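See the structures that follow.
Here come two complexes built around chain A, the first alongside chain B, the second alongside chain C.
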Partner chain A sequence: MDTATSVRSHCVGTTAVVYASDYLNKLTGEKIERECRRQLDSGCRALVIDFADTQLVNSIGISILLGIIDIAEKNNAQVVFADVNNQTVELFKMLGLTRHVALAKDEEEALSTLSGFNPTPITH
Partner chain B sequence: MNEVNSSESFRRVMGRVSRQEFVGRVAELERVVGQSSQLKNGRGLLLLMEPAAGVSELLRQSYDQLFNQRSDVIPIYFAFTRHETTAVSAAIEFLNSFLQQYLAYRRNEPELCHASLTLADIVSLAPSSDLQWIEQLVQLYGALRFSNDGKELVRFCLSAPQRVPPYVGRTFVMLDGAELADDLNGDVILGTEVLRVFGRSGFSFVLAGLRRQILDAAHKAKCNFERLDLLRLEQLSSSQANQLIEHVARRQQVPTNKEVRELMVQQFGCSPFFITHFLQSAREKNLALVSYLDCERLYADELLGGHLHYHFQTLLEEIAPQLDTRLNLIRLLWEGVASNENSASVEAWRRRLRLDTEEFEYVMHKLHIHEFVNWTGPSLDTTTGSTTWKDYLKVSYRLAVLNEPRALVVADAITDALKRAPHTIARHYKRLGQISLRDLLGQLDCQRVPRMLFDYGSFAKKYKGVADGDVLQGIESETDLLKLPQVVHVASSLAFNSVLSQVCEEDKCAVAHSFEDGVYSDAQEVVWLVARVESKLEVDYELAKLWFERFDSLAQVFAFRRYQVWLISSEGFSEDACSWLLERSAYYSNDHQVELLTHQLGVSIKPQSEDIDTPDEFLMVVPMGEDNELLAATTVEHVARRLSFQPAAINQIKTAIVEACINASEHSFSPERKIYQRFRVEDDKLVVTISSRGILPTNVLGGNASESNSESDDVAEERRGWGLKLIRTLMDEVEFEKVDEGTSLRMTKYLRNGEPGQTRSK
Partner chain C sequence: MEPSTQKLIHTFGALADLGQEVASAGDFNEMVRTSLHLLLGTLALRRGAVAECVDEGKLHGVAVWGLDDGLLTKFSICDADKTELRESQQTLLVLEDKNSFLDRHRDTLASEGIELAVPMIVRDELTGFVLLGGKASRESFSADDFETIRAMVRHIGVGIHTHRLIEQVAQRAEENRRLYEELRAIYRDTVRAFAAAIDIKDKYTQGHSERVGRYSEIIARELGWGEDEVEGIQIAGYLHDVGKLVVDRNIINAPYHIDAKQSSELNRHPVAGYEILSPINHPYADIPLMAKYHHERLDGRGYPDGLVDEQIPLGAKIVSLADSFDAMTTDRPYRRRRSFEDVVRDLRQNTGKQFDGKVVIAFARALLKEVTGEAKERRIIKMLGKGYLDGEQVPTLLSDLISELSSAQSNAATSS
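Up next is the complex of A and B:
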């Protein structure tokens, strides 16, 4: 698994879609956090974190996700996790993450969930 | 120095062990032997020994090396012993030993050193070229022996080596146990006489003894220090002490294992004296030392009645011969140790000991010489002795002063030592695994380093989540540089304020006196106040403030005109903590920044590496970090597939293993930084055992007590304490197995109904 490369992301209106890598650990979690901060600082008002590639997560990675949720809250931004596999959903449930974040089947569903919160699209 | 032939021709004369078995002290051995060189031009060498650091074997090995060299240097080794009662008898014994060893060397017959010879025998054995001066010496001795001038006789005996004719060779006298020379009765102070005679002889010599005593005696004898060299002999390094234990244990046929050896090294502070006596005791009792329990049982026996007990008891009897004084002394010493008293009133001690001034000063002087206390004028520090000394004091106090039942004292000595053992090892491993603050600060010498290494906020903003190589490259190209001061003295903050010991370990906080630009002026003087703050997450505002205020208060108390606070935490500092510290011009770094700083300064830590035992089962060893937990997870995936676990269960096992590896990495203080994984496949289950050397905190093991000084926020801690919760949820059985030097985590996953190959379900 490659944890050395940077995080992929793109913007859809005021929503940033950030792609998690195959293994969510401290380093990759911090990369996602860094990218989310950057997107929020650039004016994004919602975050979609896409876990389509993610096969394994660890508890440090999950604690960083909670930190991202905190940061988003402080910035009045919404967060949706997309395309999370069943095993990872179980972990998120065990650790109470699902109480703080919406889950979507895929990126498309996540964006449509958030569409109501993005009245003023901006372009990056 | 001549090369010593290491073949069979090398004869052991004085050495108690063979050269191969002589551990450590290689440099010291060369230095002692080198002192006999003509180039040294008759200079004396004072071997200043830390108590229990062991010096006798070093001198004996030096003797053997010189004996085997067969050069013009005639080695003489003499050890003062407690058997001699007067300076005169000790001096006569010296004369006898000198003549025997001289003959042994001249005749090349080592056995003569240990023979029982009269003066008449010595004369009869003397080679013809030596006969005249030896006969003359014996006659003069006979005349002086029965005179009433003790001092004259002592000087005569001690100066005998100077009578050796120059054409024969040069004598090189090595005197051992100088501290004992001071305790002899009579009008002559032998230690002082030794230094007077040898210091003025023009011959090279070595005088070894307790460092404080030797220096004291040299000053009293008005020695010319320009003609003396000093060699400080401290305890062995951990690896040397480990090696010593292996050698002695093999010689004494005492079975040991690496865990116990490491414990002995740390518990005895690498002291060769304590280690060899302890192993000797194990041999006498025919004991194996293969568990902490074996070790601490014997330790308790030793404290209450073995070699260690005898050693300390003898010293105390010398220091305070009267029983009631001795008991009072034990009480005072233990009370001082128990209350961590580093500034007791000497006057209060004098009143409580009820001694006249001369007697009291004798006691204080002796305690100081043996480093049981530090006596400086009106106050004394009772916290300086070794752990073994403090343990001895404790049991002696309870038995002799409080008259507590012996069985209770023994039981407590064992249980206390057992409880302390894991923490002793954990502290050792922590020290190995981290860059020592003392070493790091000691390296600050006006270098210019990136300012960002002291500003976690900016560092995190720029480099958090960036790959290590890129961080290193980025740091190298930083242009905003900070000029470090020149540090001139570093000590633990606990030495300034012992109350800090409640929140920080000794080696995790420091006070470093320094000068900016290396300019020694008031204006440039700045005191760095540094601490490692324990926290698994970023240190929050409250904790950062608390530490800053502690240091601020310390600076006020000690009137530091200018000071610089530097806080270090493994994960850095929260945003509000950074802002608050920045406003106060404090420095604050995480471990990564400190690593980069050490890289810049060229400081290195050298973790001890150790051989891995040969596994006799399916064992995988991976280094901690670098995502290596994934290797374990991938391996277990293949193993689980063989058992036909369902994909969901396989994923659960993989996650549990990843968490166990992270747990091991975070909580273990293993110096080797390796994780051991055993996979055992059974019909209906997969058993995975993850272990590493080092200690898990007690809360992980389900206990309540913790020695941790961590003050980090509970909620934050909770967020990072999820690993174990996940493991317990994902696996069917989870069991911690406490072993002497660490913890194993055994996890079992059963095949469920419907899964192929299953024979039982949970």
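Up next is the complex of A and C:
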């Protein structure tokens, strides 16, 4: 587990699992974004953002999540949101985020969803 | 929860956060960046920019998200654009719409996936643009979306406009401060030149006014006065003898003790000084009064008004001691300067009669700090000249004077 930033994360193969905090706002959102960028830069090909602890996502949080989706798309990496509470799922659906990411019940399901994903290798 | 209700709550939350952000006094760029995030996050837009109008129609991207920075170098505004936007009063431009502004810029904006250009017009002035595009839902913008965008862009525009106004005010204030400093420096230099002119009239006391100014400043600083007051007393010291300009040069330069008539003529100089200085609007308080009362004594035997102790302004008491100390420690036409031991004896004897105890203590303390090396600069010692304070007894003389006057002061305070 990486503790270099204050965001919890770990890697399962080429998939990075990043844990969101209880309130996804500007401060915590930017930390997650930095961690996702770092994981993608270091060769990860898929991101699982685990929302198990997340109670609330505000507008800035949405914008930052869209930024993460953009970066992942540019890196040909897939993004799965795991363990999202009902209220936040409704928000993501309403705003169209679910058109760009898969939702999974929990981290385990997210990882198994991704095991069928075969990304194109990135050449630098 | 109904999706429409949830959207409303989400939008209200963003508007509340935006209001707080725009009103915050934090970093400007960070405020704009956060505001853009709030706007993008409200409608789940994948790209956007807040661009500010700068010189010659160019736009500066204060915050850019999901876009190539190069867009803003290609998108610039001409006078025709400004006129059209002002006259049409359009608050939101959809790229698909038909108008000549969009005809000029459609290709540039569309190439980066921009769908909406929202001018920020505050007080009839085009502050900049908010450019938006890439709705995550891939749906078209609704009328509600447009209203939300207009409301949020108005907030951001006002935030930028207010920030620029504050910047201008701060810049003006800084310019004024610099001008004021320059004026003060000119005033100080003029006063010093004037002091030199006063002293030239008296060939035996050249540099006297300058030294009185410096002694006064040192005493005031030792008494804990503020910087402005210290500067003021220094100026008062420089100008305390300005009234001598109207006294006959032969009386001032008489190489012997002058007679009663001449003395009365000479004693006019504090009032003459007051009359010269009063019409001037000095940047410091009470300078004319300090000149007028620098020959008053605590026992009421001074001139021009025979004031006693508390009737005499503290500034005048300081200038009085500085003046007398310089007179005692410099050569005069009819006598050599007095030894330091003799000067200390005079101060001891005349404290409470001619001099104020706390002023004498402050001066002795400042001098003692120089003698013992506690003070960084040896300004008094320098003015007194080489060798004058070389005696081993000097620190003791000063310490004794300070402790004696201090106990006299505490006794007086106890008995009263």
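One rule holds for everything that comes next: the second predicted complex is superposed on the first by the 112 of 124 C-alpha atoms of A that agree within 3 Å, B and C clash if a C-alpha of one lies under 4 Å from a C-alpha of the other, contacts with A are read in each partner's own complex, and residues count from 1 in each chain.
The rule is short, and it goes like this: a contact is a pair of C-beta atoms (placed from the backbone, for glycine too) under 8 Å apart; a residue touches a chain by one contact, two chains touch by 3 or more.
Being a predicted model, the structure only gives us computed values, none of them experimental.
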Would you sort A:Y23 into first (chain B), second (chain C), both or neither based on which partner it touches?
first
Please indicate which partner A:L91 is in contact with in the superposed arrangement: first for chain B, second for chain C, both, or neither.
both
May I ask you to decide whether A:D70 touches chain B, chain C, both, or neither, giving the answer as first, second, both or neither?
second
Identify the partner contact of A:E33: answer first if only chain B is touched, second if only chain C is, both if each is, neither if none is.
first
Touching A:R99, do we find chain B (first), chain C (second), both, or neither?
second
Just checking: does A:C11 make contact with chain B only, chain C only, both, or neither of them? Give me first, second, both or neither.
neither
With both complexes overlaid on chain A, does A:N58 touch chain B (first), chain C (second), both or neither?
both
Intersection of chain A interface sets (partners chain B, chain C)
58-60, 62-63, 66, 87, 91, 94-95
What residues on chain A touch chain C, complex-wise?
26, 58-64, 66-67, 69-70, 87, 90-91, 94-97, 99-100
Parts of chain A lying in touch with chain B, wherever the complex brings them together
1, 3-4, 23, 25, 27, 30-34, 56-60, 62-63, 66, 86-87, 91, 94-95
Help me check something: in the complex, which residues belonging to chain B touch chain A?
464-465, 467, 627, 629-630, 633, 648, 651-652, 654-655, 658-659, 662, 719-720, 722-723, 725-726, 729
Mind pulling up the chain C residues that touch chain A in the complex?
1, 3, 6-7, 10, 13-14, 17, 34, 36-46, 65-66, 135-139
